[in-house]
Amino acid sequence: MTRRIASAQAHSRSSIESLDASSSRRRSHGLVPKLIAAACALSLCGLAAAQQSVEVLHWWTSGGEAAALNVLKGNLEKQGVKWNDMPVAGGGGEAAMTAVRARVTAGNPPTAVQLLGFDIQDWAKQGVLADLNAVAAKEGWDKTVPTALQAFSKYDGKWIAAPVNVHSTNWVWANKEVLTKAGVTTMPTNFDEFIAAAEKVQKAGFIGLAHGGQPWQDATLFDSMVLTTGGIDFYKKSMVQKDKAALGSATMLKVFDRMSQLRKLVDKDFSNRDWNLASAMVISGKAGFQMMGDWAKGEFIAAKKKPGVDFICMRFPGTQGMVSFNSDQFAMFKVGADKSAAQAKMASAVMDPSFQSAFNVVKGSVPARTDVPDTAFDDCGKKGIKDLAEANSKGTLVGSMAHGHAVPAAIKNAFYDVITRQFNGQIDSKQAVKEMVAAVDN
Amino acid sequence: MKAPFIAKVVLSPSVLLIGACVYGYIAFTAWLSFTPSTMMTDLSFAGPQAYVRLMGLNNWQLSVKNLGIFASLYIIGCGALGLGLAVLIDQKIRAEALFRSIFLYPMALSFIVTGTAWKWLMDPSIGLERTMHAIGWQSFAFGWVKDSDLAIYCVVIAAVWQTSGFVMVLFLAGLRGVDAEVVNAARLDGARPWRIYQRVIFPQLGASFISAFVILAHMAIKSYDLVIALTNGGPGRASWLPSLFMYQYTFTRNEMAVGAASAVLMLIAIAIVVVPYILRETRQGGGQHG
Amino acid sequence: MADRTIASTASRTLLYTVLVGFALLFAMPLYVMLVNSVKPLDEIRSGDMMSLPQVFTWQPWRDAWSLAQIGVQATGLKPYFINSFLMAVPGVVISTALGAFNGYVLTMFRLRGAHVIFAMLMFSVFIPFQIVLIPMARTLGLLHMAGTVPGLVLVHVVYGIGFTTLFFRNYYAAFPVELVRSARMDGAGFWRLFGRLLLPNSGPIIVVSVIWQFTNIWNDFLFGASFSDYSSFPITVALNNLVNSSTGVKEYNVHFAAAFIAGAPTLAVYLLSGKYFVRGLMAGSVKG
């Protein structure tokens, strides 16, 4: 052992000596100039030469949506702003929201974040969103953005987010051929006619309602049920104002009973099915109807189906004239002065009418500005634009509960719990009504 | 030998990092559970209201119940399967390396990787059930993942698949370290193979059992990726586990105090299970070379 | 080594049958992923997930590597591979080194409070990661390391020390006492005892530590998504973006190919060093 250690010591001594020699040689080759070069690369000198850039956190990571977002990226790059993409996919933004929270806590928020509804207001309350009033005033956003939307894009009188689109959730998508085969000749105009039509489809051997049993999808159905059963005032009272009398009323009981009727129309494997697979069932002719927001149109278009010819888009029977909406917005976080110029450019680019048209044609939604011409949109898109303008003027434009535009996250999720359990038969309608009342106590 | 100063210096980075980033954060979380924090941290004191709310939440009770089912089935399942496979592989079989690799590879892959495959396999319309029907076995039904009561068992199956190989390796190492003398003596006495295992070998695997238990318990508590990938907590809320609950309430529902309270309870439960083992471990071993 | 085996032919046949049966069950998901990663999309939609491909195509693999949509740009997984390596390699090296030092100090010296320190290090492995997200984000922000690869390395090192210390400590606890004693009598000091005697004989446990840490760090998603920014996010985040997109046609074949590419390093590590893994565990590490 001693011999080994001794020889090892000899070895290490010689290797240390050789190390010394080589490092002194290196030193003479100019370490200092190298340091200066490195420091400059880290832009410690010449800030003016730094390029403008925005870091965008979003969850539009696939096919059509990513392509639509690419349009924005291209527009910004033409103005000399670099797009740094930070995508975090998953379930309507859940993983993204966690990432945002971590980033804000760490003090380096992304420049722009895709946010929905109350999340924007919640972040604004924390005081971390930037003021966009300068851009908004210059471009006249107050006049062109629907008032119901502004409730989410503005906080304390200041614009804090640029809305990209307006989706609507009270749509029904139907396969024309399936309906014809089932003997459904006229479109239903109220709930009972809808049930009758769907039952006809079932009898003809197809699936009545293509549905994915995820809580948010169950809640999307619920949106339409509340609208068609109680009308716009009942919706506002129960879903937006959280009025306990409305939540515990006989009308709400009827809503849940109607959810149970819908439950009888779905197939046995509906649990946890992704929404686009449910759309695929309608597209391929396995099912007759799907109740889904207008992002479903993207699936139909991608499958090369034509509105009016292959598929029909209509408001849920009984809800024509009302629009329950949700809007994707890019909320701008407070960043350093060097980034805010780029941020303003991005906000402006988002609200640009030609971008709004190009993006929404692909996405299936409707522009967030009422002054965008509808020439590029297909029939369903044109109908959506018309419905939105009408609802905006009549005051029947309401935020979708299912998509975070009626109540804050805590209550929304509490509602989800009740809705999904009732839909899955774990509680009955009476119990569900009781729990809805209790849910707003969060 | 008494620790020289340098030894303490060497140890200190770890102690500091763990002290701050584990125990400091645990203390922070415990504090949070007594605050009214919702979306971001609010450090004012609010009493035990988060705990009161937590106990009344249906989601929490379901999560805890699911954890009981999941953890016990997972630990017993992995333990039994791991031990069984280890015994089989230890029988001087050919292609041991191949078998070992096949059982071990699931541990290498993350659940984002394998989640989709499992979701497929378990989906009645495109997975195993459909394949069995196609082969001709019409009465085969495997729609558990769509059933509120049975979904959690699907999570168990996928979890056992993922970790059994590692437990097998643990037990294999343990088996190969068993005292040869005693086994030979038993064999010479004419004991049947199964008896030898039962009376001589398994008792010597005590340390392996405990290590396996600790590792499995740790993974059971931490399972998050797995549930998300397989069922996303569904159908409805039927396969929620406390790790999912904590994530949901802290991040998605903006109820940070409730999430923190659930985390504290989780930690206490872990401590109850694991601290006895830790104390036993630290009594023996350390410092004997001192 | 004692003969614990079962000899008779009938039993051996049964033994192999059972083993092969389990092996098939274990391999099933892997088979599903492999087989469907080389089928064109229409075949996946219309066909049986278990059947072999009628049309064989490598395009899904090409897509996954460099053409698939990850966010706005269609870059595939290639750029994020590097990020994961930059994060994983230092993370593994540093946490293993710290574990080795800790194990050494805790077993070879009389230290007051060694038991407590070891107990606390061991308990640290049980902390659920969701708890640490917010406070760690704050800490990284204060250290100006948020969104950087070094920040991610730090996080992974911190939460890996518990395991690596456990491995090394148990290994060194089982180290032959006589060798240590004689080395000390020969005058070996702190560094020499470690560098000349213990470390060269730590091969198996280093392998165990490296395998464990590499797997955990490479496969982590939560920290990767929360503590990185657009320039540093690892391959698990990219894979998640590919697989969990909420809209559009699900290109399952590309997803499976991507899953393999993302899992390839860890698979390679396991397959190549599985033997050393067993040996390392045998050499007293986790046996206790």
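The letters A, B and C name the chains in turn, as written, and every chain counts its residues from 1.
Just so we're on the same page, a contact is a pair of C-beta atoms (placed from the backbone, for glycine too) under 8 Å apart; a residue touches a chain by one contact, two chains touch by 3 or more.
Nothing here was measured: the structure is a model prediction, and the numbers come from that model.
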item: Relative to chain B, chain with the most remote C-alpha centre; value: A
item: Contact-richer chain pair (by C-beta pairs counted) among A-B and B-C; value: B-C
item: Separation of mean Cα positions, chain C and chain A [Å, integer]; value: 34
item: Computed distance of Cα centres, chain B from chain A, in Å; value: 34
item: Distance between the centres, which are taken as Cα means, of chain C and chain B, whole angstrom; value: 16
item: Chain B, residues touching no fewer than two other chains; value: 41, 247
item: Multi-partner residues of chain C (at least 2 other chains); value: 134, 222, 240, 243-244
item: For chain A, residues contacting two or more additional chains; value: 91, 98, 101, 105
item: Partner chain A, residues of chain B touching it in the complex; value: 38-41, 58-59, 123-125, 143, 145-148, 231-232, 234-238, 247-248, 251-255
item: Residues of chain B defined as touching chain C within the complex; value: 1-4, 6-8, 10-11, 13-15, 17-26, 28-29, 41, 85, 88-93, 97, 99-110, 112-118, 120-121, 126-127, 130-131, 134, 161, 165, 169-170, 172-178, 180-181, 183-184, 187, 193, 196-197, 201, 206-208, 210-211, 218, 221-222, 224-225, 243, 246-247, 250, 256, 259-260, 263, 266-267, 270-271, 274-275, 278-279, 281-290
item: Complex contacts: residues of chain A adjacent to chain B; value: 91, 94, 97-98, 101, 104-105, 122-123, 125-126, 213-215, 268-272, 408-410, 413, 417, 420-421, 423-424, 426, 442
item: Residues on chain A engaged by chain C in the complex (per definition of touch); value: 1-2, 4-5, 8, 55-56, 58-66, 69-70, 73, 83-92, 95, 98-99, 101-103, 105-108, 110, 274-277, 295, 298-299, 302
item: Residue ranges of chain C in contact with chain B within the complex; value: 1-6, 12, 15-16, 18-19, 22-23, 25-30, 32-33, 48-50, 98, 101-102, 104-111, 114-115, 117-132, 134-136, 139, 157-159, 161-162, 165, 169-170, 172-175, 177, 180, 184, 190-191, 215, 218-222, 236, 239-240, 243-244, 252, 255-256, 259-260, 262-263, 266-267, 269-271, 274-275, 277-278, 281-282, 284, 286-288
